[in-house]
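In the part that follows, the structures are each spelled out as structure tokens.
Below are two complexes that have subunit A in common, paired first with subunit B and then with subunit C.
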Partner chain A sequence: MKKPHPRFSQGITSLMASLLSVAIGLLVGLALLYVLNASHALTGFGKILTTGLATSEKLAKVLYQASPLMLCGLSVAFAFKTGLFNIGATGQYTMGAFCALSAAIALQLPWYVALLFAMVGGAILGAIPGICKALFNVNEVITSIMFNWITMYAVNLSINNMPMMLTNYWAKSSIKDRTAPLLDANPAAVLPKGGLDTLMNSNYINIGIFIAVIAAVIIWLVLQKTVFGYELKACGYNRHASQYAGINAKRNIILSMVIAGALSGLGGGVYYLSGTGQYTLIKALLGMGFNGIPVALLASSNPIGVILSSLFVSYIQVGGDALQPHFIKENIDIIIAAIIYLSAFALLMKGWIAKLFLRNSLENANAEIALETRLEAGNENAAVKKGEQA
Partner chain B sequence: MNDYVIEMLNITKKFPGIVANDDITLQLRKGEIHALLGENGAGKSTLMSVLFGLYQPESGTIKKDGKVVRISNPNDANRLHIGMVHQHFKLVEVFTVLDNIILGAEQTCRGILQKRDARKKVLELCDRYGLQVDPDALIEDIGVGMQQRVEILKMLFRDNEILIFDEPTAVLTPQEIDELMQSMRNFAREGKSILFITHKLNEIMAVADRVTVLRKGKGIGTVDVADTTVDELAEMMVGRKVNFSIEKSALHAGEAVLRVQNLFVAGKNSGKNKVNDVSFSVRRGEIVGIAGIDGNGQTELVHALTGLEAATRGHIFIGEREITTATVRERNNMGLSHIPEDRHKHGLVLDYSLAENLVLKSYFDPDYQRAGFLRFDEIYRHADQLIDRFDIRCGQGGLTPTKSMSGGNQQKAIVARELDLKPSLLIAVQPTRGLDVGAIEYIHRQILAAREAGCAVLLVSLELDEVMSLSDHILVIHDGELVANVDAKYATAQELGLYMSGASKQTMNSECEVEA
Partner chain C sequence: MIFADILSATVLFAVPLLLVALGGMFSERSGIVNIALEGIMIVGALCSCLYLRYTDDAGFGANAPQLHMLIAILIAGASGILFSMLLAFASIKLKADQTIGGTALNMLAPALAVVVTWAAQGQAQTTILIPKWIRMTQESLGMAQGTDFLSRLLFKSLYLTAPVAFLLLIAATVFLYKTKTGLRLRACGEHPQAADSVGINVYRMRYLGVAISGFLGGIGGLAFTVAAGSGFQSTVAGYGFLALAVMIFGNWKPLNILGASLFFALFKIIGSYAGSIPFLPQFDTVKSAEYIYLMLPYIVTMIVLILTSKKSRAPKAEGIPYDKSSR
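Our next item is the complex of A and B:
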């Protein structure tokens, strides 16, 4: 029997794990629907599953929401590949939004320059935890969580003190808690629609989805095909071995966080330059960045997988909106969050599926070797610990 | 009349993808020392884990004194008076010796620990068997030899009649090995039965009465040690004839490639120096071995030489160039190759394919990349070449996930990668750790070939046999200091053992140059 290509079979395992997690997430969502409002549970479930494709306008909304999500997911996935947990995506996303909007409104720059500002803003914010990790060995999770809050308050404070940024500056309005609509403030900064709006009959859609998909492909190329990607992954998989190989781990940690930050920042830019969203000054972290984490997990950190998983999450979110009025907003959030977060159990599933495969292939020589290696590894790890203690 | 205390009959234990024990029968007589011999992965540990209740076999029976028993956990084993000294000791580092011995078998009076009787019993046992321990010392403060005696006392304290020793000599000096063997003989004389797991043939010849050989999960046979020879046992273990003698050409040493002067490396947690004023040199075409007991500064010394850790003081030269503060990459590019102590921690990225691991130190070379893009066709061609040349066994060629390869083949991959770089200096640390006889033979030949080719080799190993058979010169490290420098031709295990344990020390001037 011809053995399948190992990369291929690994890919299959990942895909199966993701699909299984999605199924479990949906089942739990269904159960929640029953608990919250049994009489509309099945129709509600149907709506979650079908709304996204019901009309071209809904599909446009799915794509529109998926673009920033995809970029945040890429950000988290890219950092994961380097062995870093970028929980700061939401802060970088906020910073990206702020930089893009400042460029667009305060500086009256066109959309492509504004997107560049967004990337740079996110990158700088990503660099801080990267530098702390690389030079002082400060855990990036702690730094980036703190910077999420620092960024949110700093951005709110800045916008409050930039009268030009606010709605009431541009239109006869008393609204002071959100940024100006871009169509009033600087139409040149609104992302082009590329004809998609008439095609899909939607105000939401723009070229953001293409930007996100292109970013995913570029990230995939970098990770799979380049020397830089090889080094990054080596650092992520085994920091000791990369050090042994002479790879400059510190530089790579910082670069990896810079790129991850730039991706999240770009996400913020893409969302707020669509012309339909306004940044609202509230004291809460934006969910978009955090949702990048389940998107990355569901995709097993594969950039191409992120395209699919972000579309899925966006699809479910759009479907969830259609649950009103039979379900109240908060309950919908709970249901959707449950589906999304359980879907992110893909990694766990992967382990189980791998085990299942092993049991089914008693004659598989590779498994035999793997077991031997594992037993040996156990012994050697113990020996290493011993040595470290001594 | 049945004179077997323990019988394991037709034991079969399967794991996903592997039959670890295939219909194995092992019969232990009362008062005998029974060796269990086999290569890594032959199923020795699994068989003992079955006896100790850690695994349940799919089929087969265990009899104690002729009666069928069920051992479903270590407590059952303990009740049947079966005790085990694990290869990696199971001791609480911050407890005293006495506390460790009674742990799990404490006597209490209304919830209050009663240690007086226990202490008396422990001291009696020490006297009776000549096992020297200080009951009040903390485990972290005593050496491995004494830690092992604590493990043995744990078994004796529980009145165990069947004592299992899992690779007990791996961490001991030759002198300590002699003492251990004496103790084992004493136990056997007292009527205790001993199962002795090992892959060292001379130890079996020295102490065992009978030996059962396992190979790839199958029982090959049980023989009386008196009726067999080392060569016969080796053949049973490996399945073919093994050549133990290492053919080494005469030494043609050239100029010094590696020179180390007054090197100090500080410990990570304490102010104590892990490497203390070490000076030596290694010349072209010469193998210098560093012998020593685990944890005496070998790791830190190697890390300082290879750039993984910074030296606190002193100088390191490759050729004429000082590399004390050079980066790992700079050192590698100057011709330093390093077979690391821990192949999973440092040597390989297990999530990478074999081909990707084989270019771990040369991926940036124009041969393997163009304008920042990896040339995978070249990388796979390179992998195929090395797989062929170094006989690396792998299921799917260069695409094989490194994780799925056996330890021996992973090690061969590292050796292939490091030697393919045509190093002028090879630092090989524990190059055959955990490998089977065949792979050991192979890697030894490769290291000798590198020496022939004019490479300077620094060999650091805990296996004294390995150091003695490969090296031209032997340095002994104890507590971070080089305490001896001997010509390998005249070195004896006994002499080296004394140096290794710190009992003896050569007067070495600080400018200790190795001269032929």
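Our next item is the complex of A and C:
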């Protein structure tokens, strides 16, 4: 009897559950477009689905936006694996952006050192909720939320007090509310394009997407193939049981948040070292870190899944930009929210899918379980009889 | 005089925090982690502001301002309940992960608000302006306009949401501690199996907990919008998350939550008034020193949380979907 590998079939079912959520979510989006503006609904929906691949330039935009999104999604997913909710990705992302830009502009360092700075900055910020959780038992969600705001104000304060960082230091300009364009301040800090810009005819594309994909693969390897990753997952499933088994849960909680922070920080570095974005002094938290949460959830926290889900989210966001003027791009957020809400029903959907597509293997599995139960029952009976005899 | 202003502004901003944190408390006490408070606030604010806008445009709102404000409050609460049922359905009926459902709703609400604002007011309209007549002034209550300390303290920025919040706080405390339902609700958050074994319907109690959080959260959204003062712009600026912090800071108890929200709001207001408070250091050598004070409430809250964490105790069964058949 041919038996599907259990983890394989499980992975397939969660992938199919995610795809089902995506399909239903997109239909919700189509219905929404009909309600808002029926005459343009179909063309609009077509734009959402096709714009990302329409020209190489649009594809470059998809990849450009996907790289920080992928890193933030990885950050959230990695923390989820240890049972922690890293809602602080946006603060770590901001910190990463700030550290990368300080290294690039104020210290005039090349891009790879700046990226390292970004990771360290994000890691330090990630460590704080980890330490508070492990040592003081303060909920990491609250610490992260508090430090999102603290970071935002601290970064604004620092940039305002570092005259070199601002646009008006490098060029005659009255713009004081954003950091200097990297091409003026330090061209060596701009991420290399690797020839992709001429290939895809776009200024946006750079090697950031490769950095993000490599990070995803490394995280997958760590989680699947190392003792450390195993310990992290064990803490995520049951902190007390893992402690009982001799795993240092406190250390793992802190390390998990440090790595999650480093990933978000790297995301901030990758985005702001692309040379196309300038950090603007803002009064609201950046959305990129928060968008890492749906990316991670859609991928069921699987690092390889994060690659796909971030590409998908970025793809329909680029499609959403093309919706204007008949619709506003926030419609895309509604679609993504619907998809995430549906993916919360993963359990239910996995049940359906198992019934629909994997009936055979499921029956096999059931037969096996039944057999095992019978065997166990038999053993128990034997034991009982033994006891009676004794 | 500045102290009257500071105190009055503190109360103004403490009201949304208090209401929403109380809402979160009911949900968590019943066993459901309600991270969707931010989204619930936005939906409550959206619906009630649309109503206020409509009464003003139609011209009859200003005739009976407080009556329409009261209706707006009820609309905010009702829409909050409806929206929170999305979370309740997913996390109680379908036993879904509560964080995922909450995150989805937090994403949905602001996007929905932007889309509805456009649909209701036409393109490029991102703000729903709220009418001026909702403020309770001394004239509107039939009193003489005073300029003394007390009238400045009470009437500088008084909206119907403040007395309503005060009444709701009392009602919440009584309900949670003095009624049978309140006791049952708390039991479901601590040990649902035990509650079930004595005949309490855990699912119904959890629906109730989430519905109350939706009601209070929705009103909190309106309270935030009137406090922010510049109309509804599809955001509540992270107050839903701050309310979660206030709830934990208040140790899941109504009166502690009142203290925590006043404390947080006070530091927040000190931050924005820092330039005009004489005895505070002004950091003249640092550019944009206002950021130092803006960070203050968050830092102080962190310190207090770390210091009091030993005593902090969350409801034991929160976040775990209740399954009748599991042991």
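Of note:
Assume the second predicted complex is superposed on the first by the 326 of 390 C-alpha atoms of A that agree within 3 Å, B and C clash if a C-alpha of one lies under 4 Å from a C-alpha of the other, contacts with A are read in each partner's own complex, and residues count from 1 in each chain.
Keep in mind that, in the parts below, contacts are C-beta pairs under 8 Å (C-beta built on N, C-alpha and C of every residue); 3 or more make two chains touch, one makes a residue touch a chain.
Being a predicted model, the structure only gives us computed values, none of them experimental.
In the superposition on chain A, A:Q243 makes contact with subunit B only, not with subunit C. Contact with subunit B, but none with subunit C, is seen for A:Y230 once the two complexes are overlaid on the shared chain.
When the two complexes are overlaid on their common chain A, residue A:L348 makes contact with subunit C while staying clear of subunit B.
When the shared chain is aligned, no partner comes close enough to touch A:V113: not subunit B, not subunit C.
By the document's definition of touching, neither partner reaches A:I24: not subunit B, not subunit C. By the document's definition of touching, of the two partners only subunit C reaches A:P294; subunit B does not. Interface residues of subunit A facing subunit B in the complex, by the touch rule stated above, are 3, 5-7, 10, 225-228, 230-231, 233-234, 237-238, 240-248, 355, 358-359, 361-373, 375-377, 379-384, 386-387, 389-390.
On the side of subunit B, the complex with subunit A involves touching residues 14-18, 20, 40-41, 45, 87-88, 93, 140, 294-295, 299, 306-308, 327-332, 338, 340, 342, 344-353, 356, 360-361, 363-364, 369, 372-374, 376, 395-396, 399-401, 403-407, 409-410, 433-434.
In the complex of the two chains, the subunit A residues touching subunit C come out as 32, 36, 85, 87, 132, 136-139, 141-143, 145-147, 149-150, 153-154, 156-157, 160-161, 284-285, 293-294, 297, 325, 328, 330-334, 336-338, 340-341, 343-348.
Touching subunit A in their complex are the following residues of subunit C: 35, 86, 90-91, 94-97, 99-101, 103-105, 107-108, 110-112, 114-115, 118-119, 123, 235, 237-238, 241-242, 244-245, 248, 286-289, 291-292, 294-295, 298-299, 301-302, 305-306, 309-310, 312, 314.
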